[in-house]
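Before I ask anything, here is the structure I am working with.
Labels for the chains are A, B and C, by order of writing; each one numbers its residues from 1.
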Amino acid sequence: MHWLNIILQGVLIGGLYAMFAAGLSLIFGVMRLVNIAHGDLIVLAAYIALMVTQALDVSPLTSLLLVVPLMAVIGYTLQRGLLNRTLGDDLLPPLLVTFGLSIIIQNGLLELFTADSRKLQAGPIEVQTFQLMQGVWIGILPLIQFVVAIGIIAGLETLFYRTALGRAFRATSDDQSVAQLVGLDTRHIFALAMALSLAVVAIAGVFLAVRANFDPAIGPARLIFGFEAVVIGGLGSMWGTLVGGIVLGVAQAIGAQIDPGWQLLAGHLVFLAVLAVRPQGLFPKVSG
Amino acid sequence: MRLVEHATPSSRIGVVLIGAALVVLTFAPYWGDRQTLRLLVEVFTFVALASLWNLLAGYAGLVSVGQQAFVGLGGYLLFALAMLLDVHPIAAIPIAGVIGALVAIPVAALIFRLRGAYFAIGTWVVAEVFRLLAAQISVLGGGSGISLPASVVQAMAPSRQMREFETYWLALGLTVLVLAAIVALLRSRHGLALTAIRDNELAARSNGIHVGRIKLAVYVLTAFGTSMIGALIFLQKLRISPDTAFSVSDWTAFVIFITVIGGIGRIEGPVIGTVVFFLLRQTLSDLGSLYLLMMGTVAIVAMLWAPKGLWGYIAERFSWQALPLQRHLVLQKDAGGKT
Amino acid sequence: MPDAPLLEVKAIDAFYGDFQALFGVSLTVHSGQVITVIGANGAGKSTLLKTIAGLMHPHHGEILFGGSPTTQLPAFEVLHRGVALVPEGRRLFPSLTVEENLLIGGQSRRPGPWTLGRVYELFPVLAERRELPALALSGGQQQMAAIARALMANPVLLLCDEISLGLAPVVVRDIYARMPHIVAEGASLVIVEQDIMQALRAANHVYCLQEGRIALHGPAGELTREAISAAYFGV
């Protein structure tokens, strides 16, 4: 029973990791860009939510109404103004520019907010649980977060495969030149993809901030969790990303039970094991 | 008659100037004070680290944001060898290098399965794993780290001044060795292959170059050098902890900044970049996060508008080379004096 | 007074890096015309079409469409003005089905006679295979899909780059048989062709490119075989 609780907790936090991964995966799918600042943008969203909740005296959930559009606008501007310039055949510019961005965001947040740990308060819901069965308890907040994660992934799948925008994303990803030939402004399409990615990041950031303490330095770890979830799940598969997140979450939960210092290590080792044994991930997309 | 020559007029001047600089630097303990020596050691170690990163990223196309894995590994190996196995600290440096190179082999086997930016993050994960493992080793201080015991420190030299001189010469020697090895590699047949890979990997592959093997070799050699530098860095610091040993900002962010500013893919780049970096640091003094903020901004600006770096711009504009690394054909003159 | 030309290409030079592909090329298309551009491999035919479509930009010269300059416009804007290119090699989007390829062809929402239904009438075989991934089609079917995709943008000027490449003659004839329908619905055509006989049959006016220069042009009926050979091969 004890172990069942542990594993359940791992599964639920896997939903959060899948949220981290979804934004990363989307951008890579559309423009082959890996945003090294992704984790730091999640933390940025958390701080923006902090400011919004404090200034307007609203709950974290309500703050989403502002944080999500704001982050989307930041994403659009970032892509259009800066990151579009790095796209091309050379892999160095996007990598180094997003790395530089990561450093800027971390240190900018440090200057503005100091290294103090913060947390968003969501009220009593944070500790509420319900009993699934004899001896097995599920936290309400982690469950909500897991359901939201599923919703986001389902939403993204629907967007990609059933809407005109999704068609535009897939076409641009396939062949930028021909996408232009059918009248798509690819700069705009890329910027929309980034806006969407950061909208997801915003939701992930708020959930992160409610769940645990955060400070300017925790960004890179979130990037790594998202990245590991993507690799474990399989490149190109959104639902695979959910599975990857769950595997990572469960590995970490089990590791933490063995020894608190082993929590992160367990996750990394499982990642490395998947890389060794099945490098294409658990559910790789078959098409090109 | 030699068909391929390396030297150009500017590289001849360059070699002479470098030689003169080396002589001056070798005698630094006699004209410089303690502060200067410590600063120079820092400069040398960054030149070496940046040159190695440049070899990996600028020539072999392997962009790593996880070289701190080997800096920290080298440091911890030095402490382990000196404290637990009674190895003389100076002898421990090359041993740390060899072990680092051996560790690099299975690491490469794993992370080479990733491509491009995913490879980069993979290197970061490896560094994190090393950091977490180091924190688990209680005999080396666990999470809070450990200081080098007096007995080991004394083994280097009886007086502090002698130790500082030794550390200085070690740093200078190691850096010269690393640079000389890189130059030798680039001048060799393998270096030509590397330049081909840098310019166009697909074309290099279709010309029969074993790209995978060369990349592995470069990765392992870089690990060898980086581990030795790491050992030296922490020998000087006399104290190690997981967070300082595997610090991303110290061993990767600064190194990347230096190489981008100086010029990626050119051997002179990291040297120029280190000089600029330290000039900036001296003039601006350590402003902590504000300094890193500026650094990140400058790196982005440089990457977008001056991707070849300072030396890249100078080299193209004036056709200069500090070192004889070019290859040009020497054409035969026939009897009539025409080429 | 003759009506103003639909497309005027005036003395353009086009480069790939340092390599010059087009030297002072000029070309005119009047509304309702079918122009073919012939020439050996590497003569610059595709370069010419890409430059008109806005994928490349000339270093000198200008391009006027409907009287307005489009010389430096990006390709997606040229499409919005009414110029669609069927690129060499078909280049359907692999991640999209046949129907999705057609739908995205129409995403610019330009008004005109071509709808999904009309396009399926023109190429019934596409309707039968609408849900298949685009690359599951045969070469000839993919070519039809590529043309259909361009038609969905309701272009005033349709550029076709080597549509016969790699296709069996009977398939090529089948595709060319639809061209009159396309012209009848209001599009003018510029066709780049390797198949000279097909090109001459389809066209009102022929241009022959040789190593980046126009070596010959004139009404299709008036050009002799000798003149075309000479211009094509540069002898």
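We adopt the following convention: a contact is a pair of C-beta atoms (placed from the backbone, for glycine too) under 8 Å apart; a residue touches a chain by one contact, two chains touch by 3 or more.
What you are looking at is a predicted structure, and each value in this text was computed from that prediction instead of being measured.
Participant: So which chain is the furthest away from chain C, centre to centre on CA atoms?
Facilitator: B
Participant: State which chain is most central when centres are taken as means of Cα atoms.
Facilitator: Per-chain C-alpha centroids compared to the overall one single out A.
Participant: Just how far, in Å, is the C-alpha centre of chain B from the one of chain A?
Facilitator: A distance of 34 Å separates the two centres.
Participant: Taking each chain's centre as its mean C-alpha position, how far apart are chain B and chain C in Å?
Facilitator: So the centroids are 54 Å from each other.
Participant: Could you please state the distance in Å, as a whole number, between where the Cα atoms of chain A are centred and where those of chain C are centred?
Facilitator: Chain A and chain C have C-alpha centres separated by 44 Å.
Participant: Which residues of chain B touch chain A in the complex?
Facilitator: Per the stated touch rule, the residues are 57, 61, 63, 65, 109-111, 113-114, 116-118, 120-122, 124-125, 128-129, 132-133, 135-136, 143, 248-249, 253, 256, 260, 264, 289-290, 292-293, 295-297, 299-300, 303-304, 307.
Participant: Report the residues of chain A in contact with chain C in the complex, numbered from low to high.
Facilitator: Counting only chain A, the residues touching chain C are 164, 167-168, 170-171, 173-175, 177-186, 287-288.
Participant: Which of the residues in chain C come into contact with chain A in the complex?
Facilitator: My answer: residues 53-55, 74-76, 79-80, 84-85, 87, 91, 93-96, 100, 103-105, 107-108, 133, 149-150, 153.
Participant: Can you tell me which positions in chain A touch chain B when the two form their complex?
Facilitator: 33-34, 36, 82, 85-86, 91-97, 99-104, 106-108, 110-111, 220, 223-224, 227-228, 231, 261-262, 264-265, 268-269, 271-272, 275-276, 279
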